[in-house]
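Both complexes shown next keep chain A, but they swap its partner, so chain B is in the first and chain C is in the second.
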Partner chain A sequence: MARFVVRRLIAMVFVLFAVTIVTFLIFNVIPNGDPAVRMAGKIPTETNIAAIREEWGFNDNVLKQYGLMMKKVFTGDLQSYFTQLDVGEEIVRGLPATLSLAIGAAILWLMVSIVFGLYSAMRAGKVADRLLTILALIGISMPVFWIGALMNHYLGFELELFPNGGYVGLTENPIQWLYHMILPWTALSILFIGFYSRVLRSNVLDTINEDYVRTARAKGLSERRVMVRHVLRNSMIPIITLWGLDFGFVLGGGAILTETVFTLEGVGQYAAESISQLDQPPVVAVTLFGAFFIVLVNAIVDIAYAALDPRIRLEA
Partner chain B sequence: MPADALLEVRDLHVSFRTEEGVIQAVDGVSFSLQRGEVLAVVGESGSGKSVTVGTLMGLTRSPNAKFEGEAWLRTGRDGDGGDDLELIGAGDEQLRRVRGDQIAMIFQDPMTSLNPVQRVGDQIVEQVQAHRDLGESEARNRAVEMLDRVGIPRAAERARSYPHEFSGGMRQRAMIAMAFSCEPDVLIADEPTTALDVTIQAQILRQISEMREEANAGVILVTHDLGVVAEVADRIAVMYGGQIVEHGTIDELFYDPQHPYTWGLLGSIARVDRDRPERLPAIEGLPPSLSDPPEGCRFRPRCPHAFEACHRLPALERRGGQSPEHVDRCFLSPDEKHSLREVGGQVGLAARSTAA
Partner chain C sequence: MTVDPATDFSLDLGAELAAEEEGGGRATEASSPFRLGMRRLRRNKTALAFGALFILLVAVSLAAPLWSDHVAHKGPSQGKTTDQIRIDGKLTDVVSVDSIPIGPTWRGEYFLGSDESGRDVMVRLLYGGRNSLVIGIFAALITTIFAVLVGLVAGYFRGWVDAVTRAVLDVMWSFPVIILGVALGVALALGGLKLGPISIASGSKLLPLLIIAFIYIPYMARPVRGQVLSLREKEFVEAARAQGAGPIRIMFSELLPNLASTIVVFFTLLVANAILLEAALSFLGAGVQPPETSWGTLIESGVERIVTAPHLTIVPGLMLVATVLALNVFGDGVRDAFDPRAKVRMEH
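Presenting the complex of A and B:
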């Protein structure tokens, strides 16, 4: 176990290192990637650009530039090229909205999927099951930016049932926080609910025919206990794994579109804005932030998997 | 059929609706089980033996299954017969209370019959608590005691192990411990040794036998292995095509078999006291289709001795048996049976081509 953790930590450092290199280098090859031209304003002059190049160190070799940026990342001195705002502060500012969205949506989609998946499996082949199957397919097929925009427009703007985007801090006003989060949570969850309930349904149908479920019945356990302790618990193991990975993904940037559609001003929206401005420092920092969560959650999921299924042994 | 039978099955029919039509898996099976005895139910795959015993436990219940007949469980726990329960028509909840408590079951494959992610001890605790009003620690003590009784070393420690940390034999021991944890009156063992090494088989059978004696339970042992039967059974019911074709004590079945199918089974046992043949004799042909069974005697299409009368279904009754309990479903006369079952100096089924 300790060996596993150490190995995973080392691997994590390598992955994150590679991520920074790739994101950094991309800016040296994409068109219009030269920040000096863009920083020089609407009517840039040659001397102006040259001065900016000199001042920000864009004339140094790539390795040195990379080193400087990484140093700034870890000392917290990283600044946006265009807004001149501190990148670290911006990320911290966006974090509550991003965490609210990811955690809330993850809980929502897991709970709803369990209910739908279990119900669907127990009614397999019946009308309710078929209906849920169709709903799941529709849910999987709808892109989040589209369903998000529709919800925002009809439920928020036209019917005024919900706020038209925006984020209110949880500590500031919990009721308003919840009120503002309902639509983003729902929009983000729909795809996952469709997917998870299908996976759970088939897992339950597989598990229900296992010999140990027959044993559980033969022991005289109540049907409820058989379903919960033997069928559902064993069917949930792969779901929990999937859930952890998807949570890491959503937290690490998978909710960029949702945040943008609902103007939550979280880390994802910050990332989207920085990308559209080709603002290298925040893009590198946000990518690193996202990758960190994804890698971290991956390691946690592996450990959790071994805890849930004793047959799994952790060998890195 | 004695009135004091612990379990009495009367004319049990089980059929399943499938896409290929209706499968008549069990077709008029009757037997009884006394306290303290081992009844072996023998037959090949698809003979209906597992469905028969699974039905007693209610494990074959499904929207596509149809049941007829009765199965009375008379544990006599309250002494006046008020405790009798008819298993086939019993409600789900009534049946749930009985299974694991008065009737317990051991399954064929101990590798898959235990929940892989639950500790072995917990799986026994769960059963004990389903039927006894015991606290966590009392139930746990019971589980450890049971594991100890079936010969699992360091039982308290092993109760915390997961099934994959047990060998196949140990898992089957754990299943036996579980089955006896609530002191059942009836134990159903469905091919309990089939999935195990030959060296372990005898140990497991002995274990079941010992536990049965201590609990004074009746055991139904389902198997296709007559070697297993010879070791522990008191009586044998031979099943073929969803019906019992011969039934008698172990001595009657082994030394005076009446039904050609029984001859075939006996003829195909590998025996250490005889020269090993080039190939073990097998019964020619295939088991009958259960959705479209042959007319008359179910064994007729494979039987080298079939004649005109076999197009009617023979009743299960005393024909050439030495005792009233030795019954079979074969129209051949006792003399014919005597002479026809001798094949090469021992009991067997003649090949079809050489039959008259």
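Presenting the complex of A and C:
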């Protein structure tokens, strides 16, 4: 196990390095005019451009430029030339909201998917199953920013059932925090519930025909015990892997759209505002951190999986 | 987002039909897997109906100039806030004095109402739909071509070619789809792209198209490569090699036809995902740039005015959802018919 972990972590370091290279290539090397002008954003000034050229070493060779960019990103010396704010500080400030959104939504979508998926499988082919399947298909076809905006407008603004966007810190006021998070969690979860409940449904249908399930029934276990202990448990393995990866995906960037719609003022909304201003330094940071997060979560998922299933660590 | 339709059969129709067919005598007839797939697909009425819905939506969007010339009498960027329209005999401002645009009139002009600048929502919806669909379909086409090429070459030659391709694809895979799209979109939005002889101006629709096409390559190249790896060990490849066929001929006339099912399955779902990604990028301002429109930019400008004119958000969103839903249901049917065990993992 220790050997597997070490090997997986070394591989991770290589991928992280490659990710920094790709990010550098995207922002500094793609041939399309003066990178200093792009870095200065939508409304560049002459002095800004000259200063940026000097600061980012755009006149130096590529290797030195790469070094400078990484130094800026990792020493927290990255600054927006549009708002004059420190990028690192802004990201740290947005983290609580982003984490609240991602963690809460991940729990919500997993729980609801289990209920829907299991129910769908037990009623396979019946009306309830078809209805849930249709709902799932509609769910995966809806852009989160669209359904989120409608929910925020109709449930939040018109009916005043929920607050109309905004974020309240968990430590500030836990009740208000929960109240403000319900709509964002739901909006973000819809898509994943659509996918997961369908995957779970088919996994359950596959498992139901296994010999050990027949054995469990034959020895007189209650239907509930068979479904939960034998069928559901074994159907969950692929779901949990997906869940880990998607959680990383949401934290690493998927939350951008949801946060914007509900004005949660997290990292995602900061990213979205920077994007609409074509404010490049924050986008560089968010790209890099988003990818880092995914790589990290992938490694954790792999290691957790290997810990649970010895075949995997022996194979790799 | 992840899709693992490996085991997931949407309305079960395809799977049922396939089982039924194996029981019946017709399957014993010698047919290529592709023809068998087509036959199964033809019998899946739900999938066909949604496929037809998609074609209808494409046709409607293609007819945008007809609607704008003959029914609405307005181009997508024409309109003034002072414009008026005759409803039930009396003249009404399309944008009220409190700058609230009118909602659907259900008449030729301003069929779906007006936007904040007095432009006809229906006309903009149709023109925007053209852009969304063109970007979705052609991005999927480009992804498919490159993914198949990469998969064929990597899977056929193996060795260092494969190792290098896999490493590159893995790194691309590490970026969340939306982040990679946004990063490329922001980097290219000012200044456009100049690659040797190719030069694309900033603000061109080609930029989001190419960005989306590029991003999805690993999602399709990986499974294609996997399939090529197993196909290349088959007897028919050995037979071709014994006849003196070179790598090019083996790749394109022996292996490629056997990839047809995989390609068809992926293509449909790619179009759906590309349309959604275009909308997300445009919503964030890193996709289609004004004055061009797409469903994504329409939703983006609609959300800003959702309090006074919710129809500006609802209308383009419904079109988008209808299109993607049609493609998803049809794509499920295609997968059931051609390759029920295909593993598709995609994000949007």
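Details
Keep this in mind: the second predicted complex is superposed on the first by the 270 of 316 C-alpha atoms of A that agree within 3 Å, B and C clash if a C-alpha of one lies under 4 Å from a C-alpha of the other, contacts with A are read in each partner's own complex, and residues count from 1 in each chain.
Definition applied: a contact is a pair of C-beta atoms (placed from the backbone, for glycine too) under 8 Å apart; a residue touches a chain by one contact, two chains touch by 3 or more.
Note that this is a predicted model, so its numbers are computed, not measured.
Considered on the superposed chain A, chain B and chain C are sterically compatible, since they fit side by side.
Applying the stated contact rule after C-alpha superposition, one finds that A:Asn234 touches chain B and leaves chain C untouched. Shared-chain residue A:Leu68: touches no atom of chain B or chain C. By the touch criterion stated above, A:Asp309 is placed in contact with chain B alone, chain C being left untouched. When the two structures are aligned on the shared chain, A:Ile103 is found in touch with neither chain B nor chain C. Put simply, more of the residues of chain A are touched by C, taking chain B and chain C as the two choices.
Across the overlaid complexes, the C-alpha centre of chain A sees chain B and chain C at an angle of 80°, to the nearest 10. In the superposition on chain A, A:Thr215 makes contact with chain B only, while chain C stays out of contact range.
When the shared chain is aligned, chain B comes close enough to touch A:Glu223, but chain C does not. Per the superposed model, the minimal spacing between any CA atom of chain B and any CA atom of chain C is 10 Å. Taken in their complex, chain B has these residues touching chain A: 57-59, 92, 96-101, 104-105, 107, 109, 112-118, 126-127, 130-131, 162, 164, 175, 178.
Every residue of chain C that touches chain A in the complex is listed here, in rising order: 1-12, 167, 170-172, 174-176, 178-180, 182-195, 202, 272, 276, 279-280, 283-286, 299, 303, 306-307, 310, 313-314, 317, 320-321, 324-325, 328-329, 332, 347. The touching residues of chain A, counted against chain C in their complex, run 15, 18-19, 22-23, 26-27, 30-34, 37-38, 42, 124-125, 130, 133, 137-138, 140-143, 145-147, 149-150, 153, 157, 191-192, 195, 198-199, 201-203, 205-206, 238, 242, 245-246, 249, 252-254, 256-257, 260-261, 271-272, 275-276, 278, 280, 283-284, 286-287, 290-291, 294-295, 298. Residues of chain A touching chain B in their complex: 210-212, 214-223, 225, 229-230, 233-234, 237, 308-311.
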